[in-house]
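Next come two complexes, and both contain subunit A; in the first it sits with subunit B, in the second with subunit C.
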Partner chain A sequence: MSEVKPDLIDVQINGEWHSFPKGTRMIEACKEVGVEVPHYCYHPKLTSPGNCRMCLVEMGMPPRPAPGSDPVEPDEDGHVPISWIPRPVIACANTIAPNMGIRTESEMTEECRKGVMELLLANHPLDCPICDQAGECSLQEFSVEHGKGESRFREQKVKKPKNVEIGPRIRLDDERCIMCSRCIRFMDEIADQPVLGFTDRGSHTTLTIHPGHELTSNYSLNTADLCPVGALTSNDFRFQMRVWFMKETKTIDVNCATGANITVFAREGKIYRVIPRQNNNVNSNWMPDSHRLNIHWINSEARLTDPLVRDEKSGNHRVATWNGAMQTSADALLKLDGSEIAVIGSARMTNEELLITNRLAKQLDAGHVDVVAREGEPDGYLISADRNPNSNGAKLILGLENPGSTIDQIREGIAQGRIKALVCLQENIIDDAGFSADELAKLDFFLTSYPLANATAEVADVVLPGACWAEKSGTMVNGTGRLQRLNKCIEGPGQTLEAWEIVRDLIQALGGGNGIYAATELFAQLAGEVPEFEGITFGQIGDLGLPLIETDERIPLLEREAERKAQGLIVG
Partner chain B sequence: MSDVKYISGKEPHPKERRMIFKNVDREGWDQSIETYEKDGGYEVLKKAMKMAPGDITTEVKTGGLRGRGGAGFPTGVKWGFLPPNNTKPVYLICNADESEPGTFKDRYIIHQDPHQLIEGMIISCFAVGAKLAYIYIREEFPEGAQILEAAIEEARAKNYLGDNVLGSDFDLEIYVHRGAGAYICGEETGLIESLEGKRPYPRIKPPYFPAAMGLYLCPTIVNNVETLCHVGHILRIGGEEWAKIGTPNNTGTRILCVSGDVQKPGYYEVEVGSLTMGELINDVCGGLKEGRELKAVIPGGSSAKVLRAGETFKVGRGDDAKEIDIWNIKMDFDTLAACGSMAGSGGVIVIDDSRSISWVLNNINAFYAHESCGQCTPCREGSLWMKKITDRLVGGTASPTDIDTLYDVAKNIDGRTICAFGEASAWPTESFIEKFKDELVADTNPELAGEKVNNEAQLAAAGLL
Partner chain C sequence: MAIVVKRPKLKWWEHLYLPALFGGMRITLAHFIKNFRGKGDHAMQYPEERWDDHLPEYYRGAPALVTDVQNRERCVACQLCEFICPPRAITIIPEEIPSDDKWAKVEKRPKKFEIDMIRCIYCGLCEEVCPEQAIYLRQDYSITGESREEMVHDKKRLYEIGGVRDGLVNKWNDLK
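Presenting the complex of A and B:
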């Protein structure tokens, strides 16, 4: 006998014995040992209605000898022969039992899958060539593995509504819907806007929205992600790009301190789509619409593409070289005493950028260093009150106790003429921090870097094109204190540089500096200089990040998810 | 019983034994509580209230009562599934969603003898510890709902219902809940969802076995109208005595609803297993129609597998094993199961040689395609597909290979759905093809094999071009 493991249960999967914790769903047990069970309706974060029947598997249990007959003797491992049950069971909602057998490759299981596939396709339109889901459609994927390749369905397909606007961002094609009810459950169980449902019966069952309602939730686009077919599509992404042409990059959202894990889909320098990426410690599987759609400015005409320096004669900006812009800036800054210089960085910067910004401040002996704070109402789901993605990084690396709290002092200093130069990195302080053009005109020298042309750039002496979040790599610390990686998805336009490169070059122009060639080198230095980062390597952070510091911030959606998991409603 | 007189022309057949239907078509009978009490009504309740609830369950088990709704599951065993150390409320639901085609028994109990049902329910509630019970009645029985409401009021006025029933510390309320017209509401977990105000999508089992997680996720017993009525009779004469009625493991009486091609279709209450198919059709129902021959019988509601005339059936075990023909099938649970069908809901549909088998199957398929709830894939997509094939079969545009497809579709539903509706919709097609394939194929056109059905002409005819 093997040693007694009280909470582990032995289950045979395709002939091999494995141990799993009690309460594990059959489908999850299979997944754990690399056995895929195809499914449509099942989702670990939602309740399991068991309606698609794609996950049917052959199951067996220990034999039950008739009363009076001899009990079956276990073998030396404590297992008894399995008696296989002639009726298949769903793997999604059923939990494992001791000495259970699961066959996912048997004739019965394969027949069930083939049967369900044929039935799902019976009334499904074969409009894959014009369907947005093509290339990432579960119906297509499982057709390859479990389909018949030809249809025996010779009848008229059921006609249903097409191209239905069910909300400002989501469109519904009812003929494509396979009635898995994932979207209904998501809106009910997670987004708290239970406005989706089915009407009619049988093959005529139609997904619809309750009369007089719209899918207005800021989480509505998650339904398009959840939809295993092309029934729910995003108005924003629809017909823009075939999925197979796009390059996927795992990175993080920077619209608030939650730092939702995301995948960015881009092609030839253009971002077409952002979808959430599962991280059970950050955003579960979801993200707000407002954050994922905040991408269109990245490829806009308003992007800065070249360094600009103000021409002293005309007073207009002219295109400069990086070297020229840096030299102009260094010349201006070197004329001043450190106490006359302020540096405003950004809590949207990566840790690496903040580290080198701190170096710049030290090089200049700058009297003032701060970042711009961004506050908003938390939404009670995933959006944090702190709309900066890296306030914790700013605290740790710039040593700011309360980021943004000295911005008013900098304004006063400028107004009173005490501060004569301002280096403003990756912020638009007129629109976002309450500065006015008149105030900033008082400065002897004003440098700003930013991805977009804006009011602040208008009044600056030197304007530098800084890469946006999607164009750079680095790390950030989210609201809950988790260290996460930001990964470069596309190249910035024109002469754009990442902020850490800009600062490095400026330090060098000022006569300091070292040869840093990659953000990862800065991270290595960070690990050596800032105690909280000690001993961490860039590679360790991985795709899902790792906890760095303790904070008071909690993510409400995750707390509710934990409750549902504790109740056994979801796998989690 | 000898004093019971029936309305002229509606007298029971001599081979009947009326217990549940004792008062159906009875002369001088009405639905009032006074009439019921005058006939000894609610006396059994008074007796039961003096018993320990567990003893009532024991009596029901001793009686061997099997559910009359369709599955034939032992009622006492079902009650025994209630969790032993339960702290949640227990609910009892009377399933009066009688909608299996060919079944028309519960409506007569409700319409003509509502207090019999209510008394049976009160006793059952007392036995299982339910303080709240519902009668889920199908939308199509509006009059029945009104009759039950009135009867409940009468019973409450007499303290058979309400607080402290008959001076005991047992409180009970019964509410009538009307469905909205869906066959699937007869499936007990679909019924529960409907009662909770949702679409009647049957729940997955496990984990949602009603006895453990039923209405509002509390322990719930769902019993058929006829079943609950029988509880009263078991208590009246005692489980042991009741078990002597009928045959072993097939005890009591049950109401057979005979429809189709017989001289006298109708409802007949008989001791279970006391009659053979031949006696039922030829004797009780007055025989087949003039000059006709028996083609088939669907013995337990439309979802039961069809029995073909001329077929031989193996019944009995060991020394009792024998082969019989359709006429000698005993109309009980076990014999019908041994014959590959089921006693189901007691709806016996007789089909004679004037009927086209294609037409009969299409009629059944049309029902299930219309009534599939649409929750799970096989039944949702398969039931309409089967109907569309048999539509063509009847219309003369099916090919012989369509029959093979039809059979495969049924097999792809059978055993793979959330609820028993899958089998209900698949079994007719499976059994019709297994037993009448030649006749079905004869209605097809071999020249149409492989021909696309979705041609332009058909699209135009459907107004889709």
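Presenting the complex of A and C:
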């Protein structure tokens, strides 16, 4: 039986023959076999105008015999000698053809690159010491690799607008711009706010924003990521930290159920910026500004750093040891019957934390277990209506059909005095779930863990510092049912513990089992206990996640991207 | 390879040590008389007397920040010296220059610039790496303090040591 093969075409790249599917762009074919073609304007998720000319390569086609002469005989592999075309072509917008030859290391290609680099640098300000892009700038990199190393330009450089506020979060430096038009295409094709454009075409070509408009789109900061130079910079990250100092951690966004894949940049325990990481099944290459800027509370003064226990005499909180706080909690909880205890977990917890929370609920024989629901308006791009990152995990592991639906019953129970103790993990139930301080004051015992000091902590008997998303590892299931890994980026402040460690210690203080030392161990147990996770190992999940369950949630931005890919507009 | 050193065989009067003792005292006495007549070598009376006049041009003392003839602080807080510094003695926190400042076009300057002189090893890599000719090793070698905090040179102190430097590349002139 013969296999059904896609239409494969033989192409020679730097002297070696390879096969690629029909319709592959030359640049992508080169990339596939590990040959880098430098480029600025080309981006696989955007249309290809071919205006930077950096990807020029030498190309050849099979010889076309003159009328009457014999065609060239192919060799035993079916290839004919290539006749090289004396002028270069761009690799980004051209697709491959049968028996095509591409040379990326020939003298002509090198000369083209050198020429393009010289022209791009003629008017570039070379203010790398103050430019935020330095260290991750394609212009710097290709200048070292393909540039001349010196300038022959003795005239005055063209002056253009600098330090222009084009939006609430984006700053533009036109002198640094190399006119690749990526930002223009992104705002037009993906963010649907086509307000950027070029004016004064010629030597004075200037990137500008339409008069009377601002770059207000919630996706505007993606243009700063796209910009190959430092023309567009983020107001939030501007001058904060040089890129070479920061440690990069691949993790996921926790601001909504989409779970955008991100890279977190941190130095010495402080997170400076978050940028999206490509995952074609989750967030493509983009993420919303509102989510990426929601990091500044992590290093704020309001962080809890020590376990606190309410002093019986003064009524104020005092700093306790972890053991002391656990013992106080266990003593109070063991006095009560299971039906008098409610456990509120969080759909912001990882699967591992939810599993151990479930164990705690079983250990206490708690009458109520639920998580706090967070709903918002979906934005039609990447932001999901569900603002919890792991609602699907809560459904699977805690066995909740509709997470958040029994919170009102818990409130009633507290009001009526049926529920006497509440264990609230990683949630601020006064601000986020509509509880009031007076209601919670009725409880005999109230334990809360949370990264920040807040109104809920104020009324609690025991307050525990729980690590935030950037300070713990684990897994989450996003809205579309994809299992993804959350990775630890920084250490938590002070005595902070991850929620699963807190719950483990509490179970131990209550007299239950112990013996869990790492979140990965909990994942192994999860794989044995919850059928959906069966057979999956932590390492198997990888950086891009695994499809775990089927849901009916779709990500609108990805659907539009698939459409544009089907039309052949983008590579995808 | 080990070298075998032969132990000299001492005569009986050498075992008494007295001749060596008197020999030493003769040298001491000779120096005493020479100094007494004002002709001998003597130790430099530090700190009243110093090496300062004898320091060579290339002497590497304390690193310091300099201003140029237009009184502009040359450092733009690119943090390359912080990156290159082998003992991690330099700490910089950058800030944006406000738009009403005379040098607003430079955009960036250090808000905080500290060199921990307990850590500094006077290697001069900061001077070598600086793309703005802003940091130089001056001839100050006597860096002392009574506490660790005092040994950390802040921005003000660094400009005091560095002073104004002439003849540097005028990168941020009117044309720019």
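The working rule: the second predicted complex is superposed on the first by the 566 of 572 C-alpha atoms of A that agree within 3 Å, B and C clash if a C-alpha of one lies under 4 Å from a C-alpha of the other, contacts with A are read in each partner's own complex, and residues count from 1 in each chain.
FYI, a residue touches a chain if its C-beta (ideal position, glycine included) is under 8 Å from a C-beta of that chain, and two chains touch if they have at least 3 such contacts.
It should be emphasised that the depicted structure is a prediction, and the values quoted were computed from it without experimental measurement.
In the superposed model, more residues of subunit A are touched by B than by the other of subunit B and subunit C. Of the two partner chains, neither subunit B nor subunit C is touched by A:Arg318. In the superposed pair of complexes, A:Ala122 makes contact with subunit B only, with no contact to subunit C. Judged by the touch definition given at the top, the superposed model places A:Lys442 against neither subunit B nor subunit C. In the superposition on chain A, A:Pro49 makes contact with subunit B only, not with subunit C. Contact with subunit B, but none with subunit C, is seen for A:Gly202 once the two complexes are overlaid on the shared chain.
Using the contact criterion defined above for the overlaid structures, shared-chain residue A:Ile90 touches subunit B, although it does not reach subunit C. Residue contacts after overlaying the shared chain place A:Arg154 against subunit B, while subunit C stays out of touching range.
Residues common to the contacts of subunit A with subunit B and with subunit C across the two structures: 156. Those residues of subunit B lying in contact with subunit A across their complex are 182, 199, 201, 204, 206-207, 369-378, 380-385, 388-389, 392, 402, 405, 408-409, 411-412, 415-418, 452-454, 458-459, 462, 464.
Interface residues of subunit A, counted against subunit B in their complex, comprise 48-54, 56, 86-88, 90, 93-94, 112, 115-116, 118-120, 122-123, 152-156, 158-159, 178-179, 197-198, 200-205. On the subunit A side of its complex with subunit C, the touching residues are 125, 128-130, 134, 156, 162-163, 238-240, 242, 244-245. Chain contact summary for the complex, subunit C toward subunit A: residues 76-80, 82-83, 94-96, 99, 105-108, 131-132, 175-176.
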